[in-house]
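Next, two complexes with chain A in common: one pairs it with chain B, the other with chain C.
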Partner chain A sequence: MELLLFDGFNGLIQGAFYALMALGLSLIISLNSVINFAHGGFMVVGAYLAFTLAPYIGFWPALFAGPILAGILGILVERTLVRSMYGRSDPIYSLLLTFGFALIIEDVVRTIWGAQGVPFEIPAALGSPVSTTYFFLTGYRLFVIAAIGLATIALFAFLRLSRFGIRIRAGILDLETVSALGVNVYLLRSVNFAIGTLLAGFAGVLAAGVLQLAPTMGDDVIMATFVAVVVGGIGSLFGSVLGGLLIGLAAGITTAYYPAASDVVIYVIMAVVLIVRPRGLLGQEGLFE
Partner chain B sequence: MSRRVYVNGAVWLLLLTAAWWLPLIGGYMALASRVLVYALAAMGLNLLLGFTGCMSFGEAAYFGLGGYGTGLFLTHLTHSTVLAVVAGTIVGGIAAFIFGPLVMRRRGIYFAMITVAIGQIFYFIAERWNSFTGGEDGLSGFSRQPLHFGFATVPLNAVAFYYFVLFFFAIGAGVIALLLHSPLGHTFVAIRENRRRAQFLGIHVERYVWASFAIAGLIAGLAGALNALQNNFISPINLYWVESGNLVIMAVLGGMRSFWGPLVGAIIFVGIQDYVSSYFPNNWETFIGGLFIIAVMFFPNGILGIIRQRAKAA
Partner chain C sequence: MSATVLKIENVHTYYGKSHILHGVSMEVAEGEIVTLLGRNGAGKTTTLRSLSGLTPAREGRIEILGHDTTRWPAYKIARLGVGYVPEGRRIFPNLTVLENLAVPMTRPGYWSVDRVLELFPNLRERRDSWGRQLSGGEQEMLAIARALLVNPKLLLLDEPSQGLAPLLVHEVFRVVASMREQGISILLVEQNARFGLEVADRVYVLNDGQMIHSGPAQELAKDEVRVRALAGAGASEA
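Let's turn to the complex of A and B:
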């Protein structure tokens, strides 16, 4: 029982990461119609930048600086590369383009920071165990859950309450009409792409405190993120959160009973979802077919 | 028509005489074998990607399964290299045949995702099943055995192995060419061009996608079998989705609407990997990634696509 609680909670943390990654990816898919294979790359870049900045500016400022820089990189990439994909009717080309960019990111990160993993220092206050009664739990893990929860709430509040967020949601429904109403949709898409990569960077910094930093850490995460989006349903932000939490929990619970299958279970879930309910749990029918 | 004959003749002549001219330009035979292995896998993938219009992102699964099939066959059952290749090919083909019904109904991004999912399942099985597959360290302990012809025994050194690979490459490429000129191949292209119209014409689109998927898996299995023999080693990395992505890069870079496109893509990919990594050991991926981005942005029909356009304009 203790083991199940421990692994289940770990799975929940994992799921929260996936949910945060999937939210950003889902935003980009919905408004930019771009399947961003470099999403894991942006996560890694955010994490490494925070790692580099933390000794100079401290952990807390780095926690925000890393993601913001990932967001700025996102704008640059959107302006120079991704934008030329908007006219293409087939979203597959955007997948190919960002796949090429993901290769470059991984390569550059390896060149700058080395192929070996590096540990990311977290403040001592967060590193100490909070409870050992039921299972071992460090404060950092609780902090991660809270931070991801806050970021998610902030994003949904932004999309519901701010004028810009409402325009993004309107654009997801019908970009042409939004454009006809006089909204600068190029700016809208740029900012939206940046928000997505910023969320990826934030997930990266938080993950860096739990795992080691390594140039290839994006490879596994990007696939899990796609799984979360597909399971939750392409086009549904809430579905992405649900999908992320679901596959994280499933992986955690599998770890408790049959560790060897913990990695494979999320792909089995995705395969089953695609067979039984191709649009995902909360997705719309016929999108991106 | 005659142009096609010239092009095909030139390609086969160059491939057959590679042992003579490749050392002159600084290449070596193992590199040429690698090119052929990946070209064959990418040509199989291109049957799906370029000619049926289905974006498969999990072709490495069948490539890797072919490798494991061959490796395990050589380890446990036989010393015949040719039989092991056949076994690996069949393993790849059967796996694709079995999973075809799961993927054939999906389109676009969903097709890419379900093929990735199946590929990743195989990857994690290969990585975790230590006792059978050697786990994370990969499967070694088998090696390609000399060929027995009755009158002579040929050890498969680098040059002989190149021609061994070329022999199977010719079979694979021949099968694909025959297929593309048959009604079946024309049906694939019809599905790519307009799936719905093909459906209205009474074509069972899903069955044809299944066929395309199974044949692509069979070819990938053959390539994977040769790959295992080339390295005398097979690792789970050969099944990972990144390997699938590499095959897609080759097909798109060379030209996915062209028969020889994947071969050109494989030459560029393997060439850059080999050449650049001798100068910048860790940065060849940047070159590939950059070239690939340029290709997707400016010439989505690949290098052969440009050449063909020029030829048409002239």
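Let's turn to the complex of A and C:
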């Protein structure tokens, strides 16, 4: 029972990461119409930048600085590379472009910070277990869940309450009409891409404290992130959250009973969902319903 | 002689390789209501899409409020003071009525969310309903309200009466006519020729991407046979 709790909790944390990554990826797929294979790369960049800055500015400021820098990098990439993909109906171009960019990020990170994994220091107050029975419930792990929960709520509040967020939701279904109403859709797409990469950077910093930093840490997450988006339903942000949590939990629980299958189970779930409900759990219902 | 709000000269527009508009020219003067008639597929929507920058003209020249907007992106044209009510309304189904009204970039001017809700009391009652829950009439009102929030000097309306019950057509008619008092110039695309000719000062008729008629609306309104010949069989039915 304790093992199941342990693996289940691990799965929940894993799922929370997938959900956060999937949210950003889903925003980018929906509004920028780009399948961003470099999403894992932005996660890595956010994590390493926070790692580099933390000794100078401290953990807490670095927790925000890393993601913000990942967001700024996102704007630069959108303006220079991704923008040239708009209007091309064949997704293969954006796929190749972002895939190439993901490889470049990985190599640059390896060149600057080395191929070896490095530990990311977290504040001592967060490091210790909060309970002796449930040794796996460290303060940091609870903090990660709370932080991801808050980030998710903040994103939904932004999309629901701010004018900019409302325009993003409108643009997801009909960008052309948004532009005909005087909204600078180029800016809208840039900022949206930046929000997506910022969320990836935030996931990266949080993940660095659970595991350790490695140039390949994005690779392990990106496939699961895509699975989460597909399972939840492309175009539905709630779906991305649901899909992420679902596959994370499923992988965790599978680990408790049959560890060898824990990597495969998420693809099995995806296959089943695609057969039973091709549009994904919440796909095409639009947002917020 | 009042100022020209819109002037298009010899416009050619394509969708990919298909050549749709073959040298279209027309004008709208300040405070004028101009109706554009034509059969299905004549190129009426394409003309409005060229004007609003959604499908830019490949050749020719479009001048709006004294600016050469031929190559401008759609959002800049809207900000110049062009309101667009697209064919099929294009309400955002995943947004509430109030959220739909939050999308446009509001230029300073008479129209505000409060004012458009005054103009369309139905929308005020339904302000928290999702766009997709609205009836056709409510969607049309919302599309007009949304375009008015741009505080347009020129309003482009693409078949606002389409699919509406006669009573609602009348309501749209009333609103369009009242825009004239606001000094808003209107370019109206209509299948419903009776409605289109009744409100308009002047009329153009498009066929196969070319203008085949232009003149005072009164003149054509009297000649139903001519309307039928120019704009198709369905055009004269109200």
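In the analysis below, the second predicted complex is superposed on the first by the 282 of 289 C-alpha atoms of A that agree within 3 Å, B and C clash if a C-alpha of one lies under 4 Å from a C-alpha of the other, contacts with A are read in each partner's own complex, and residues count from 1 in each chain.
Keep this in mind: a residue touches a chain if its C-beta (ideal position, glycine included) is under 8 Å from a C-beta of that chain, and two chains touch if they have at least 3 such contacts.
None of these values were measured; they are calculated from a predicted model.
In the superposed pair of complexes, A:181 makes contact with chain C only, with no contact to chain B.
Of the two partner chains placed by the overlay, only chain C lies in contact with A:169; chain B stays clear of it. Once the two complexes are overlaid on the shared chain, A:93 sits against chain B while remaining clear of chain C. Between chain B and chain C, more residues of chain A are touched by B.
When the two structures are aligned on the shared chain, A:39 is found in touch with neither chain B nor chain C. Of the two partner chains, chain B is the only one that A:274 touches; chain C does not reach it. Judged by the touch definition given at the top, the superposed model places A:189 against neither chain B nor chain C. In the superposition on chain A, A:226 makes contact with chain B only, while chain C stays out of contact range.
Once the two complexes are laid over each other on the shared chain, residue contacts for A:141 go to neither chain B nor chain C.
When the two complexes are laid over each other on chain A, chain A has residues 288-289 in contact with both chain B and chain C.
Of all residues in chain C, those touching chain A in their complex are 52-54, 73-75, 78-79, 84, 86, 90, 92-95, 99-100, 102-105, 107, 130, 132, 146-147, 149-150.
Those residues of chain B that touch chain A in the complex are listed here as 55, 102, 105-110, 112-114, 116-118, 120-121, 124-125, 127-128, 240-242, 245, 248-249, 252, 282-286, 288-293, 296-297, 300. If you check the complex, the residues on chain A that touch chain B are 35, 81, 84, 90-93, 95-97, 99-104, 106-108, 110-111, 115, 219, 223, 226-227, 230, 234, 260-261, 263-264, 267-268, 270-271, 274-275, 278, 288-289.
Of all residues in chain A, only 163, 166-167, 169-170, 172-174, 176-186, 286-289 touch chain C in the complex they form.
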